[in-house]
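The following block contains the structure, expressed as structure tokens.
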Amino acid sequence: MKVGVVGASGYSGEVLVKLLLSHPHVTLAAVTSRQHAGKAVSKLMPALRGTLADKLHFCDSAAPALAARADIDLWFLALPHGAAAEFARDLVAAGRKVIDLSADFRIADLATYENYYGHHHAPALLPVARFVLPELTDPKWKTEIRLAAAPGCYPTSALVPLVPLLRAGVVAREHIVVNSFSGVSGAGKKTEEHYLFVARAESAKAYGLVKHRHLAEIEEQLALVAGAPVVVQFNPHLAPMRRGIVTTITVPAAPGATIESLYATWHAAYAGRPFVTVLHAGETPDSAHVTGTNRVDLAAVHDPRTGNFVLTSALDNLVKGASGQAVQIMNLWSGFPETSGLG
Amino acid sequence: MKVGVVGASGYSGEVLVKLLLSHPHVTLAAVTSRQHAGKAVSKLMPALRGTLADKLHFCDSAAPALAARADIDLWFLALPHGAAAEFARDLVAAGRKVIDLSADFRIADLATYENYYGHHHAPALLPVARFVLPELTDPKWKTEIRLAAAPGCYPTSALVPLVPLLRAGVVAREHIVVNSFSGVSGAGKKTEEHYLFVARAESAKAYGLVKHRHLAEIEEQLALVAGAPVVVQFNPHLAPMRRGIVTTITVPAAPGATIESLYATWHAAYAGRPFVTVLHAGETPDSAHVTGTNRVDLAAVHDPRTGNFVLTSALDNLVKGASGQAVQIMNLWSGFPETSGLG
Amino acid sequence: MKVGVVGASGYSGEVLVKLLLSHPHVTLAAVTSRQHAGKAVSKLMPALRGTLADKLHFCDSAAPALAARADIDLWFLALPHGAAAEFARDLVAAGRKVIDLSADFRIADLATYENYYGHHHAPALLPVARFVLPELTDPKWKTEIRLAAAPGCYPTSALVPLVPLLRAGVVAREHIVVNSFSGVSGAGKKTEEHYLFVARAESAKAYGLVKHRHLAEIEEQLALVAGAPVVVQFNPHLAPMRRGIVTTITVPAAPGATIESLYATWHAAYAGRPFVTVLHAGETPDSAHVTGTNRVDLAAVHDPRTGNFVLTSALDNLVKGASGQAVQIMNLWSGFPETSGLG
Amino acid sequence: MKVGVVGASGYSGEVLVKLLLSHPHVTLAAVTSRQHAGKAVSKLMPALRGTLADKLHFCDSAAPALAARADIDLWFLALPHGAAAEFARDLVAAGRKVIDLSADFRIADLATYENYYGHHHAPALLPVARFVLPELTDPKWKTEIRLAAAPGCYPTSALVPLVPLLRAGVVAREHIVVNSFSGVSGAGKKTEEHYLFVARAESAKAYGLVKHRHLAEIEEQLALVAGAPVVVQFNPHLAPMRRGIVTTITVPAAPGATIESLYATWHAAYAGRPFVTVLHAGETPDSAHVTGTNRVDLAAVHDPRTGNFVLTSALDNLVKGASGQAVQIMNLWSGFPETSGLG
């Protein structure tokens, strides 16, 4: 199977190219870049020197031309929101499968999308698109959709621990507080003073309080499970590391719920899932343990004083939080083993 | 005025020695170390080469001998809890002022102390000791006590934003969730695999969930202000940086409270206080901005969706969170300008 | 083919286990650890959670018992020097192939070994052992030896650029100055204050000047090529990063040598070698570009003012500088494709 | 005495403002910035919140207007080369003392300047300007010049160890190889992808090989001492840290020179100099030990095998390598104690 990547100049684009180049069941047949068309991919991604990226060259990224490429079955969109929707329109119309890493199709409710992101460039596609978090989304998506929206990094880190517990009634749906701590690559490749090494090394800070865009997909997904609106306090932070997210969730235990019932719920939800690891008692997720993997590590404690559970998760924002998860979606969609090319 | 430091081999001990050596109103006349007695202080603290630390030598640290030194008016204890109490006993008995950087005298309630720390080695001193957070503690402490307990790093980062708001009724005293992210020096100088560079670089993780020892002093201080027990969810994390703490507090707004009333309360509480900076709208505390200073930076936002305020603070765990605050206490206690040696 | 690893508790041991677990042509059938016998490998190596390391348990490491395991064809020794020689004795005697990551068999000359490392525990094995740097060592080693010594990290970074140039007479063999900058994992997993995060973050320093142990193998290998003694000034440094080495070599150009003849020599020497990348003009090796790969990146400039070439290389000290190179040796020795399991 | 700073938006500008604001003998009366005129200085330099920088506002930076300010006796220029010369012209013409942190007046020989930097904008000032490295430059400069050029960071790290040894004939003047390893702030505040946190963290690399601009002042100063041209191989590198330089110099010992004569020469040269520390035997300079200080730490070893000395130095590129040294120059020029305001 041949696949293509539109817009690979960002951090997650590079990880995606790397994963696809070494994937045993697909050929990466096109990587587009308006700016770098003609250059060898490894020229822009020196970590990929000595691989097939030496021979692969960026091609131009006019959407109609890409849509016309009959050899490519599936396209990944590693573009900013807005731009992604525009490409999706042409590629879906041409009958290609599309896996979008942007936010454009993560949110089913158009009004919510517009509230957080502004104008939507392809609302007509929403009915054939779906937010796909493979461990949580109803597996019927594989036959029902034409476009899969890979979840955001923060949402993955919050939903994997929360959704099964909310579904099973182990936790309340009020007073949920999510604090996340992300490596700097989570902010994208922005050449601004704020993201220079000298500014970010030895520095931690909160940002995007109250209305970070990822809140939209966290709350929509939780509401779908809860059958009622869920309002979350989401506090993201930058940490002086390149990759990785740790998320710490404070959530009231439901009446009667115990730490044992919580763990039993997680074990049931994630039995046989290769990319979710429920840690043993006494272990705590550490972002460094998941860097470079497609894993989410989970742990929880119960606080009898407050009546809360404190859930903790760790993942690599560029792998399970972006490109690895996109490849996992492709694997499931295409009938490959779920772990193909993912370690 | 001559001062001494007992136990200066840790990270905060080194910062304390540095601050005292350049303090305009005191002479650092003794620095003790059982292990390094006889060596030049700068031998163990190479950052202090070229200063008076070349000429100052560690002396032995037998408590009776220290208590007998009539030339020294005030002692800082930079010791582990337990050990601190033992020295405090002799030094207070000899009529010296003592500023303790350990937890031994931060908690007024003996049962709470024992619950978190075990046996107390000098409970008889509790009546003449007090937790002194200079911006918050009733200034009468200066004449009422013989031993000042310098607050912990996390408690300072949580109490400076919370106490005035709780006192003024701007925030609720329930559902308070405190997430903190600390530089690795906050864990002390422990030669364990977990604290090696290779383990901690590029790594973030939660630790000490549910019952971190600093919770004891956070809750006791909040209860004193609230006039009723306050139960806090406290989630500390390690961040891959040497110094600095950022704390993010989710707390329900009290009925009728607004972001304006919150800021007005802070401005009133901290007017004229040189070490608390209430940031302008749109600014967020950044640990890198306070490293090396005795400052706490504060900001807040209101979330109309959740009804919460989200408060953020930043400080240097070794300065305002330890040694700088201890020097500030000395300044106030001794009648020096509050900022002497701290700016 | 089944393989085993003796002594996997260090940084390179962990990388080796990871590489072998995902290797397509071998089964990792034994991982020994005196200290952790019985525990799951992923318990000690949390980065390997969710892999076969969950099911694999450390076994005890008595050398005779290991030698008796008829199912295992090849053993890797990831032990300190001295200890490695003792295991090698029993395993070679039992007819097993051995790839040693320690220094014990890197140096052919016993007196040199003893000068740098002290007593040798198995000198009788030296005739059947060889220093194997796959790109440089005569390929006859594959049939002539019973024990392969994988080169050290610094030596690999210095020899890959230097050896072809010295062999071709492009550079002089005098006035060679090698400066290297290594990530902290290069020092091994030592729980000493010097290697704590707080000590090493934001810190660079030279160490081991004049007689670093890796000098022995650098000079012996250069002498073999030059046919005469070569004396090198080797200045290693620690850099505040986890992994990676950059090496910068100042060496006088031989009479008549040009930057073009230098590059032509490199291209000829490394044509078809998958793990050496000669960079394009204007590019400089960057340790971050090779982290996690088995690659060495190379570049050079000529300085007409001094008459020197300045050669630069970058590699990952734990991969091409240790475990990746050991796997590469196994691949070649066993007739697998050279790149199997190496990306 | 009132002083001003022209162009304070870079990293060394910020350190300079910080040092001057807390200097006991001067008042910082003007800080210019074309871009930020009117804003509070602490707005752009949040590390200076709570200091006089809250009250001080950037003023516009038209050179004639600055030259007209009769209240300001001395100006620091923290500008790019080229721009500095233009301001220097007006300020010197108006009779002000000028301390220039750029390269414009560090090089006495105009042709050399033009070779490395291109057109010089104020060559007429060269006769009244001088490269001033306080520990090395003939103290007559204090009365002979009107403009002091503060040395570059790399040159300071190389000249402090080398100059006394070359002057005393302890080392040769040929085959000198200087390798330096600098924190990222040394590259200035450039918003380029190469300097983003994600690019530079966990990354070391050589850059600027063969003809780094600082080579010009290193060689000119060495030639002045040697009385003959000195050609140096200078290999600068970036290290993943914010501040600090370590420099390692390989230089042949002069006939008869010993490590004892080397240390004796250093001790004689730097006796009574507060900012040069000759370390004890067995100690090696570490950049982290000098960060935030105006110190240079020095050590050396002799290698009997190569006949070389290996000299090592460490300094903070923004303090002794820029702003601290500029303040030290002001102190000496103005008759203040050399250490005023420098810790």
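By written order: A, B, C and D. Residues from 1 in each chain.
By our rule, a contact is a pair of C-beta atoms (placed from the backbone, for glycine too) under 8 Å apart; a residue touches a chain by one contact, two chains touch by 3 or more.
As the structure is a prediction and not an experimental result, all values here were calculated from the model.
Between chain B and chain C, the least number of touching-chain steps is 1.
With respect to chain A, maximal separation of chain centres occurs for D (centres as means of Cα atoms). Our note on geometry: chain A versus chain D, Cα centroid distance of 47 Å, whole angstroms.
The centroid of the Cα atoms in chain A and the matching centroid in chain C are 37 Å apart. Centre-to-centre spacing of chain A and chain B amounts to 39 Å, using the average Cα coordinate of each chain.
Each of residues 199, 201-202, 240-242, 286, 288, 291 in chain D touches at least two other chains. For chain D in complex with chain A, the residues that touch the partner chain are 11, 184-185, 189-193, 195-202, 240-242.
Taken together, the chain A residues at the contact with chain C in this complex read 22, 46-47, 49-51, 201-202, 274-275, 277, 279, 283, 286, 288-293, 295, 297, 343.
Within the complex formed with chain A, the chain B residues making contact are 175, 177, 179, 181, 183, 199, 201-207, 209-210, 231-233, 235, 237, 239-244, 246, 248, 250, 284-288, 291, 301-303, 305-306, 308, 310, 312, 314.
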